[in-house]
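First chain A sits with chain B, and in the next complex the same chain sits with chain C.
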Partner chain A sequence: MRRSRFAVFSMAALTALALSTGVLAQDTVTITLMGHGSSTAEDDALNASVLAFEEANPGIDVDVQLVPDFDTVLQTAFASGDYPEVFYTGQSLFRQYVDAGVIANGSGYIESPEGFYPALAAVYSIDGELYCPPKDFSNLALEYNTDYFDAAGLEYPNADWTWDDLRAAAEALAASGTLPEGTVPFGLNPDIDRWFAFYVQAGGTFYDEEGNFVFGEDANHDAAVSALDFTAMLTQDGLAASSSDLSAGWPGEAFGQGKAAMTMEGNWIISYLNDTFPDVNWGTTELPAGPGGEGTLTFSEAYCVGADNEHPEESWALVNFLTNEAGAERVAAEGFGPMPSREASGASWIEAVGPVGEAFVAGGAYAVAPVTPAGFGEFRDALGNGVGAAFRGEEDSVDVIDEAVEVSQELKAE
Partner chain B sequence: MSAVTLEQPVGQTSSASKFIRRAPGILGLLFLAIVAVVEIVPFVFTVVNSAKCLPAINAAPWAFIPSSGFIDCRNEEGRPLPASAMTSGATFQPSLEGYQMVIARDLPRWFMNSVIFAAAVTICRILIDSLAGYSLARLKFPGNRLIFFIILGTLMIPGVVLIVPRFILLKQLGILNTYQGLIIPLAADAFGIFLMKQFFESIPRELEEAAEVDGASRLTTFFRIILPISTPALTALTIFSIQGMWNNFMDALIIVGTNPSLWTLTLGLSSLQGAGGETLIWNLFLAGAVITTIPMAIVFFAFQRYFVEGVSYSGLAGQ
Partner chain C sequence: MAQSTTSPTAASPTRNATFKDKNRQEAMTGLGFIAPAFIILFGFLIIPMFVAGLFSLTNWDGITPIARGLITEENPNGAFDFVGLQNYNTILLQEGRRQESFYTALKNTIYYALGVVPVQTAFALVLAFVVNQKWLKGKGFFRTAFYFPSITSSVVISLIFMWMFSASGLVNTAISFLNPSYDPVTWLDNPSGTLHLLMNGIGINPTRDMLRVCDPATLQLWGCEVASIRLWDWLSGPSVTMATIMILNIWTTIGTMMVIYLAALQSIPSQVYEAATVDGASRVQLFRYITVPLLQPTTFFVVTIGLIGALQVFDQVYVMTSGGPANTTLTVAYLVYRSAFSDSRMGLAAATAIVLFVIIFVFTMIQRRVTRESSGDRA
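== the complex of A and B ==
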């Protein structure tokens, strides 16, 4: 008797628990937008945009969820089969998510896709079909300390620079004797997400027309070797040094602390230098061109719509609202670090952040995303270690590239 | 005979042999001092840098002597002051900017959630783990040993494996993003049950028999006789539970991560990493870290003796 009463009690408790959070019938549709938090100003701007969308679409409620450790939360939701209608996707995870079948194909739904930077659209396209409209992006540019260039009596770097000009300026800075003790002309890490820019400038490509990863293969071999030779010589001749050699956390910090006269970082360095090193005088220009022409790297995110989705219409309406021409203009006008993904809004963004923004926007015309295929961690490690060894003069450029290509081919064969 | 041989070196004491006899002790102290420095220095710099302006942290992270008086990090136009205005050598001008920012970012709420979470889980665990441990230690029922081994077996399953199934189950129950969703799955744990069972088995049966003779029921015996003499085990359980829940990140992330009003300190702290967009606002982040650490430091100093007892009692250095 006592036992059955307990059973009844526990059943009742469980039922009450389940009912306590039961969903009431609603006329409006609720869709979830999940992403990671950004700066307070950026989060506020996103919430304001979403509010404007809800006002324009009375039938749709948007639940904005900005979560810590976003990738883990999103991947848990994927694994459970019940995931948000709209979510951020970074460029390195895009293909993995498409392969997992969680991203809906946006071709036919995305408003005026031709307005996005072609390089950005390419990152989120498969077989020419755009899956996710890019949200915003950052490019690498060359930052220089104007005081150091003035002291050495040198012209500031400009967009017409080539590798030879970079090297000549670095030599002139070093020879001028005007740099403070321990300051190098160029802050450069053996990090493949920086070094790939030189590879692209040397004419190297990442994918062929069939979408195969072709780093360092055939015609790309010479490009890879010349890029590594050029950067390794800068380091070995004492013209460039890594942030750890300069006792800094990253090259941007070394630059801010005055330990490097030039460095190459992305949009994120603007607010960093303004907030952290307000007394440093600096300018930006496009990265120098190499034997293969101009080249820079781009880092971006997109809004993707979930494939398993009860409200695709409403989801695309939201995504289009955030990324169409008006949406891009709203992003631009706020002047956050990352740039709007549409070419037409570049000018408004420069107006908001000031002239240092020009070089970043200009790079959008020819930027390439350094995306390696899913499961290529081993390749990235092998190349990263090799680039480090070549910078230190411990390994020959040709050997480093050959080894990395070998790893890449083994991974492709799997 | 042997005693005489041992005495002999002492008789001919030279300063060198004195040193050799003391060397192990001195080396041990030296080693401990190095370990203490390695452990304490990062904590000191967390506290010190949390009270600096952002430019000062980057320009002089090692400056550790505060000069008197707090300063504002920005001038009247809202531009940050240069580092040269706030550090010189090992001294720096302290600022409360990091603490003001972290409090503005909902830290009091995260703090309250952490307290609720840690306290509720700990109370549940004390009750459920001790009742379960007592049942397994003393009550004879079919499957007693089997149940015990199943409970013990769950200790062998790595926590990450359970994340997705737990997420799905809580979603089905409709208690994701609620306090109960965060508390119920953690309200009992295998380690605690095991700890309590082992302890109860060490209590002489005669105590309970005496109570039974006096007409006490099982529950009365348990609450009136057994629990009051179980403080060593209960203290160990409490400490491990509070410590574990205060620092819990993964469960909280999966269960309440999408609802900022239920974030605990660990989730809030993690969200601060992105608070500056692409710039890490060190003073904000470190101020959050200091406020997160202080309660645990207080618990530790208040219960230091029990901590050591708890560890030696359970034979485990935390769970």
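== the complex of A and C ==
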């Protein structure tokens, strides 16, 4: 008897629960926002923004999922067909995801797309249509240790510098005898996401007008070779060294530890140095210009809306809330590592992070995204290994570039 | 009542029926007992293997939702198309970058296995023999100490090794202390092959120009490409960085192997040793002629699981080097991951995984044959 009464009671409770969730489900729409965790402050700010959005839109519930190993998790979610409504997309994966047909076209949905940096909007556009509004971005700039320059009696690097000035300053630092033992003038990794900056400064381009990948081909060949010659010579002459040679995890750490007088990193280095090495005195300026003029690299992410999506209106409402002018101002005011993706908010960001931010914002005007086509992992490996070998003096620059171009053509033909 | 009406002749079919029922009941019980294991095996092993085999025949990118199905004229937005054995051809036979990657990974993996398996087996045997000695004090401590690396997360150990082997880490500091003229080695970012270094040491040092030439007539063979890799590069040996990972893996797996050997050692009856001692065998002879032969089946087991583990090495590479420098720590298992997730070629990745499976299978069979023959000789 007791058992059956219990059963009736629990059945009733379950029915009530089912009914109530059914009623609730009619009223609110739940959309999932998936991304990777950043700093705690950044994650908190995102959650606060989402909370503000939910308050302004009582009918929409946002489930924020910040997962480790995000790209792999997202990719498996795509493959299963059951994937989040809104997700981060890095610049190198955007084309691949569009090709796979999992990203919705945002043209017509995105609020005031003209306010984004043109270079950023171009990364996430296909045939002039903006698919995903850029979330935020980082540029490379030159960081220098002011104490080392003072000790050697040298002028600080400035925005008018060229490759020759960089090399001359590195030589002067090395010759001055004022650097501590084991410190090199320049911290530089044989990493193509740094080295491409020299390629761009030498006048190299990644895509032609038809959108074909043209690294190192035709006119770009000389640019690639001269960029590799310049950087390899810096390393072989002992003026530059990689972070592993300096026993640091990355060049920013080597710079913070005082093992490199200069390095080139993105704006993520600002909060890193402030938090981890508060005693280091340092400044920033734009990267030196090469024979092809000014050039820096940009790294960005965007909010994309899934193509198989039952709630596109609500998804776009969320994405616009996070990336419109007000959203960009919120990113700027917090002064995180990455910069807001709208030009208008650059000044607020500099205000938040201080004058070291100027060089990064200035680079936004001419920055290039080092994006290789989908499935070009083999090319990146081949070029990365080749750049490493050239830095160590094991291979000639021309051979490295020729080999990389060969791989690129082989992949294009696939 | 029923019994009385049943004739004696009808009784035997009834008894047969109950017997059958019992038989069937037993079968059902048996099936019921193996069902959980069978379902798990089927769901998590057999189906995935079958699906991987199927994917290896497609050009699926691993991103497009699989439910979109086959690409056809009516369904141009499908997820995949069958390409037959194209993926196998690309990695195994067709000259080019992908073939080079595969054979580089295979070369690295084989050098890795050749280095790791014998060393860890030998060390494990010696350690087990030592901690099994009656005269040893603090046996429990030593057994725990040697087993400890095996029960620690490989990711944590990899990170500790990264600190120890960094350019100014513990290892370099210690060597510098012992030998002040030592030029610090960058262990974790050093693509030079250890065999190359040995050959350079004895004067075999082909110049860059010699590596470009392949002319069998004049015996200039260093530049000859076999499977898109130059002969000289085939003979590189594991790179210094790979050797570091090998040391790490030997250190972590010795404990497990030692415990297996220890269990086997303790099952060798002491009478055998006593008899041999009476016959005048020395300690070394006891080890060589009693212990090692009686451990033959255990050795087979240890070498087999060691070999399989070595051919599948992944996590240390993932944590420490991502396949670099210059692809010298790229292993086949890591290549599978790389093609699937950073190269978006799930079909190619599946084909590579299947080839890896076949390689492991063949190696294990060869090793089994060799072990059996050597034990046969002794018998």
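Here is the rule we go by: the second predicted complex is superposed on the first by the 389 of 414 C-alpha atoms of A that agree within 3 Å, B and C clash if a C-alpha of one lies under 4 Å from a C-alpha of the other, contacts with A are read in each partner's own complex, and residues count from 1 in each chain.
Just so we're on the same page, a contact is a pair of C-beta atoms (placed from the backbone, for glycine too) under 8 Å apart; a residue touches a chain by one contact, two chains touch by 3 or more.
This one's a predicted model, so the numbers in the text were calculated from it and none came from an experiment.
Visitor: Could you check whether chain B and chain C clash or fit when both are placed on chain A?
Guide: clash
Visitor: Just checking: does A:411 make contact with chain B only, chain C only, both, or neither of them? Give me first, second, both or neither.
Guide: The answer is second: A:411 touches chain C but not chain B.
Visitor: Check the residue A:30 against both partner chains and state whether it touches chain B (first), chain C (second), both, or neither.
Guide: neither
Visitor: Check the residue A:385 against both partner chains and state whether it touches chain B (first), chain C (second), both, or neither.
Guide: After superposing on A, A:385 lies in contact with chain C but is clear of chain B.
Visitor: Contact-wise, after the overlay, does A:80 reach chain B, chain C, both or neither (first, second, both, neither)?
Guide: After superposing on A, A:80 lies in contact with both chain B and chain C.
Visitor: Between chain B (first) and chain C (second), which does A:158 come into contact with in this model arrangement: first, second, both, or neither?
Guide: A:158: touches no partner chain.
Visitor: Between chain B and chain C, which one contacts more residues of chain A in the superposed model?
Guide: Larger number of chain A residues touched: B.
Visitor: Could you look at A:102 and tell me whether it touches chain B, chain C, both or neither (first, second, both, neither)?
Guide: A:102 sits against chain C, while chain B stays out of touch.
Visitor: Does chain B (first) or chain C (second) touch A:375, or do both, or does neither?
Guide: In the superposition, A:375 contacts chain C only.
Visitor: Considering only touches as defined above, state whether A:272 meets chain B (first), chain C (second), both or neither.
Guide: After superposing on A, A:272 lies in contact with chain B but is clear of chain C.
Visitor: Thinking of the overlay built on chain A, is A:72 touched by chain B (first), by chain C (second), by both, or by neither?
Guide: Both partners, chain B and chain C.
Visitor: With chain C in view, single out which of the stretches 131-139, 167-175 or 293-301 of chain B clashes with it after superposition.
Guide: Only 131-139 shows clashing C-alpha atoms.
Visitor: On chain A, what residues does chain B touch that chain C touches as well?
Guide: After superposing on chain A, chain A residues 72, 79-81 contact both chain B and chain C.
Visitor: Flag every residue of chain C that touches chain A in the complex, lowest number first.
Guide: Within the complex, chain C contacts chain A at residues 61-68, 77, 96-98, 101, 166-169, 186, 188-189, 191, 208, 323-327, 338-339, 341-346.
Visitor: Provide the residue numbers of chain A that touch chain C in the complex, in ascending order.
Guide: Going by the criterion above, the answer is residues 71-72, 75, 78-81, 83, 96-97, 99-102, 242, 244-247, 308, 374-375, 377-378, 381-382, 384-385, 388-389, 395, 407, 410-411.
Visitor: In the complex of these two chains, what residues of chain A are touching chain B?
Guide: On the chain A side, the touching residues are 17-18, 20-23, 34, 36-42, 65-69, 72-73, 76-77, 79-82, 138, 253, 256-257, 267-268, 271-272, 274-279, 336-338.
Visitor: Can you list the chain B residues touching chain A in their complex?
Guide: The contact residues of chain B facing chain A are 54-55, 58-59, 79-84, 105, 163-164, 167-168, 171, 173-175, 178, 180, 249, 253-254, 257-260, 263, 267-268, 270-271, 273-279, 281.
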